[in-house]
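Each structure below appears as structure tokens.
Next come two complexes, and both contain chain A; in the first it sits with chain B, in the second with chain C.
So, the complex of A and B:
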């Protein structure tokens, strides 16, 4: 529409110099020229790799002779179905997601609601909560490894308060996944606080005032005014948080990077992405790793479809 | 709402509720900053003093000197700065152009282009890492800067962001310029871009932070310690100085400080843009 209008407006002055058709063609040309760098780069470095991931998942390829690709049909996927290590990685990822998503959603929503209720220092607290998300995953994980080492400050506190063994969390098979959850949630809460703040700001003050007049306390107003009003945001944070959490990699890699085998200790942090990375870059099975990558793609795709369904306007 | 300060004209329940709210927020702020402050403090402690708390007068730059002397930290810093600069400059040019075209020019195939951008928006790098590695290896780019820059210039999310930015700007000025005979590129550069500078800045900040903090890509594409980015270098300090917690914390501080400073300075710009982008991350 816009373009047509511009052509109509442009017609009188352009007369004698070039026809409408020429003007329009010139613009097509401009479109293709200006788009070319992005199209070329996206095509080569984004779209081709997506296609190639799928192609690789039907092939057997060794990391050190990667030009020799042999088609093996569905055998990588059959192998995945029978591979206890793959099942284990799905299980670890599931546990991780099931703990992380509700924890970060609830904490972020509560903090956002409290933050919205104060007048002074809102920007300060928002900035402070957001800080961990800006920091590198490697930096945060390295620090937490010192905090949760045997005798370290937080390992000691956890032991005193919750009765957990005073141990090096990331080296204990029964504590390493909890450690991963803590590091991850620590980084992401601030992000979702900000998302929720965007939603809570839109809740009419009158609703809260009316509830107050009716004698509703803080908790009741949170439960019956805030939560229902930001329900779309909650869905959104849950699904987006899910999509993010199934991709967890950096933190688990850093925990294990002193050893050749990722997912340590004893596979306690062997998430789906760790599994595919291990297969491709430690065990040199590019095809098999790609089959696991296709599973990840499908999971993320399902999550995306769900987001679009829930939030049609975005 | 008639009150002016947090406690003006308060009754007791209101005061109690204020205290409760600020206590909770302060606890949250303590949790958020605690680990980073721990790293900062510890990085100035002598290894022999850790993990005890010591007087400020005992704090020293020893760890920083040690880490610069015993690891190619300067090189890692330079690598990180160079790669980040390359991605930011490339991204700003390429994605701004693409966003402009998608927002402003009607051409055959525009809908398809936009749908493709939307479709790949959510695809995580983790899922396409193996073919990316193969491409980089085939080009002979392992352990090179271009492997860390070129593939990450065009970004579907940033294209989407710029399209939205251009759509939010009125089209009239540009139409006038076009009618007066300005070419598409001139009208883009002289009129459209200046009106979307905040979008361009947001893009630079997002691309810069993602690249500076990126780990999976550099740890996979570089094996030569001289080519490490700071994140990979810090990770390698873990095994190199296994017992020297204080030295590792100096590495944490060196890696984090530039991003933290940028964040505090530009937080008004950064926070909202990450709130949308974090969805993609």
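So, the complex of A and C:
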């Protein structure tokens, strides 16, 4: 009976499995169809340029005769190793990243913690902090150039408070990179404040209350409750901040407008992307610039892996 | 249970089936809509072309470096050209500055987005573009459209001719000059304009010591540095004479003034270019050109200034004479139509407008309108003879952009970082960019 019953039920079960398999195949088919446009665009705008950049890095290319490319092996990379301008751009980028990433992460976390405590007008402050990120880089940089010009309001304040020479910051080799850092952090800090606010709002109130009962002050609660709780957000901000900072370009480009050469003054703002852009599009060394872009890609990859190792997400 | 399970699967599967069917329908709908939307332009294109063909309409892109003084001129002549040439529409491609134009054009050539016609501000980069086949030789087109080049000074036409091939139809004559802010010089007790470059240096120091302001400003690019090299009897000689005594003297003259705080870069005083520094009373002297006339008239009406040929170390004076011209790029779809447009843009009416629109700041290329410009622009009158009689040329090395970048970078290192020397810089540049 059991045997018969099994036989009786077996056929429909097998049929059901077949039907599910067909169903699953259809679902996959629909998924591929729906994903195809996005995947195609991703391939066209992201994958293809990366692959082409890698290919270009092994070639000598003249922009005037773009279709005529010469394979040169690792020659462009060997040249990079011997190029003082490339070494200089690596150094400038390293200094920039080392200053910017910790500064913007710490400042954004502190600001977010303060904003979390604000009961009235939090949305206003959140929007205000986010505004520079949404504003045109050219506009923000140009305004800062007016503020940090010789005799300008912030140049004068910096001179009075810190004893820095009252000079046009973006025109002085010893101040131009600091100027770049200030403009950059000002622009991006709002984005990270919003990220941290999202994290801080998710910290259970009970944790803060328990810490308060245990006698923890504001600073202690921030250090022992807030910071550990938003660790995944810190990881995200450090990684995203690193990836963005290592690619800094726009602000340095604006500084060098009005006929000055890129990286002005005297190479003080010659970041890695400025270097590769200048090589590829101004000096007509597209293959060489692509080799520098590949190095940049490797740096971003290595930096992300390193950050993950040093700062576990959880 | 098995039965129940089996029965239970029915409705679930039915619901899934319905959902799947619905999903499939939606997917098909989206797919179909996308396909239709994608196909529409393809379907529509032949219809448009078919409709446009009988009218022979052609849109020509015209690239030029714009500016507050320059844009009105082009707006005027483009509007006039479109009215006079039925079927031709002009789409301006305005570069922020001439440097931006030179920087962007190589990438535009590679991308195939370079305008059909471009306006050069001088002939320095033309050799590179001609050699690479990025611009067209114009002899046949000029002959076919009967463009009269005999109306222009022969030297100006020669400036656009390489190995017998014409690559540019002259639009305007241009020259360098020296600019003095008379108010600042007067404040420093200087009442007589310097007669030599050494006197310029002495006056610049006097201005700095007596007023605390810069005596001289220079925009750090190849063109402006070249003026001082020429003032000391040097020149680049198309790459043959980069490292020469005279060139070293010219750049060293500037370096010395920077070291004594008598000279500044415009951006050091918050100015975007030398004209702004002079107009804002931040610097007493600068090399410049007729473009100061329009700028000062609109931006610094209360500032007294003078424009003269550039003093030299030997006491004589000179200007660099060059000019702007139209070229047709190899990317152009309809060179014949382009030349029709160029013919109009360089005809007598357009050239007369160059002469009368003094804010444009350029001198007409046509000989017969140069005197008209002189009458309309008294400030220009005292440099006219030098322009026509003893104009010097720029003679940049062949890899002009690369050479310019390296020169400016080295110069900035010397004056801003006190790193390197002028002889070492020019010696290196001679080895890298020099030609025999």
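What to note about this one:
Simple rule for what comes next: the second predicted complex is superposed on the first by the 253 of 314 C-alpha atoms of A that agree within 3 Å, B and C clash if a C-alpha of one lies under 4 Å from a C-alpha of the other, contacts with A are read in each partner's own complex, and residues count from 1 in each chain.
As a working rule, a contact is a pair of C-beta atoms (placed from the backbone, for glycine too) under 8 Å apart; a residue touches a chain by one contact, two chains touch by 3 or more.
Since the structure is predicted, the reported quantities are computational estimates derived from the model, not experimental observations.
Contact with both chain B and chain C is seen for A:281 once the two complexes are overlaid on the shared chain. Contacts of A:87 after superposition on the shared chain: neither chain B nor chain C is touched. Judged by the touch definition given at the top, the superposed model places A:150 against chain C, while chain B stays out of reach.
More chain A residues lie in contact with B than with the other chain of the pair chain B and chain C. By the touch criterion defined above, A:111 lies against chain B but remains apart from chain C after alignment on the C-alpha atoms of chain A.
Touch criterion met: A:265 reaches chain C, while chain B stays clear of it. In the superposition on chain A, contact is made by A:240 with chain B only, not with chain C. Touch criterion not met for A:78: it reaches neither chain B nor chain C.
Of the two partner chains, chain C is the only one that A:64 touches; chain B does not reach it.
Shared-chain residue A:27: touches chain B and chain C both.
Overlaid on A, the two complexes show chain B and chain C touching the same residues of chain A, namely 5, 9, 13, 26-27, 30, 34, 37, 66, 145-146, 151-152, 257-258, 281, 286. Residues 1, 3, 5-6, 17-18, 21-22, 24-25, 28-29, 31-33, 35-36, 38-39, 42, 51, 93-95, 97-98, 100-101, 104-108, 110, 113, 116-117, 120, 122-124, 126-135, 137-138, 150-154, 156, 159, 171, 175, 178-181, 183-185, 188, 209, 212-213, 215-216, 219-220, 231-232, 234-235, 238-239, 242, 245, 248-249, 251-252, 255-256, 259-260, 263-264, 267, 270-272, 274-275, 278-279, 281 of chain B touch chain A in their complex. Those residues of chain C that touch chain A in the shared complex are 2-3, 6, 9, 13, 16-17, 20, 23-24, 27, 30-31, 34, 96-97, 99, 103-104, 106-107, 109-110, 129, 132-134, 219-221, 265-270, 272-273, 401-402, 404-405, 408-409, 412-413, 416-417, 419. Across the interface of their complex, chain C is touched by residues 5, 9, 12-13, 16, 19, 23, 26-27, 30, 33-34, 37, 62-66, 145-146, 149-152, 167-168, 170-173, 257-261, 263-267, 278, 281-284, 286 of chain A. For chain A in complex with chain B, the residues that touch the partner chain are 2-6, 9-10, 13-14, 26-28, 30-32, 34-35, 37-42, 44-50, 52-53, 56, 66, 111, 114-115, 117-121, 123-140, 142-147, 151-153, 186, 189-192, 194-195, 198, 205, 218, 236, 240, 243-244, 247, 249-250, 253-254, 257-258, 273, 276-277, 280-281, 286, 289-290, 293-294, 296-297, 300-301, 303-304.
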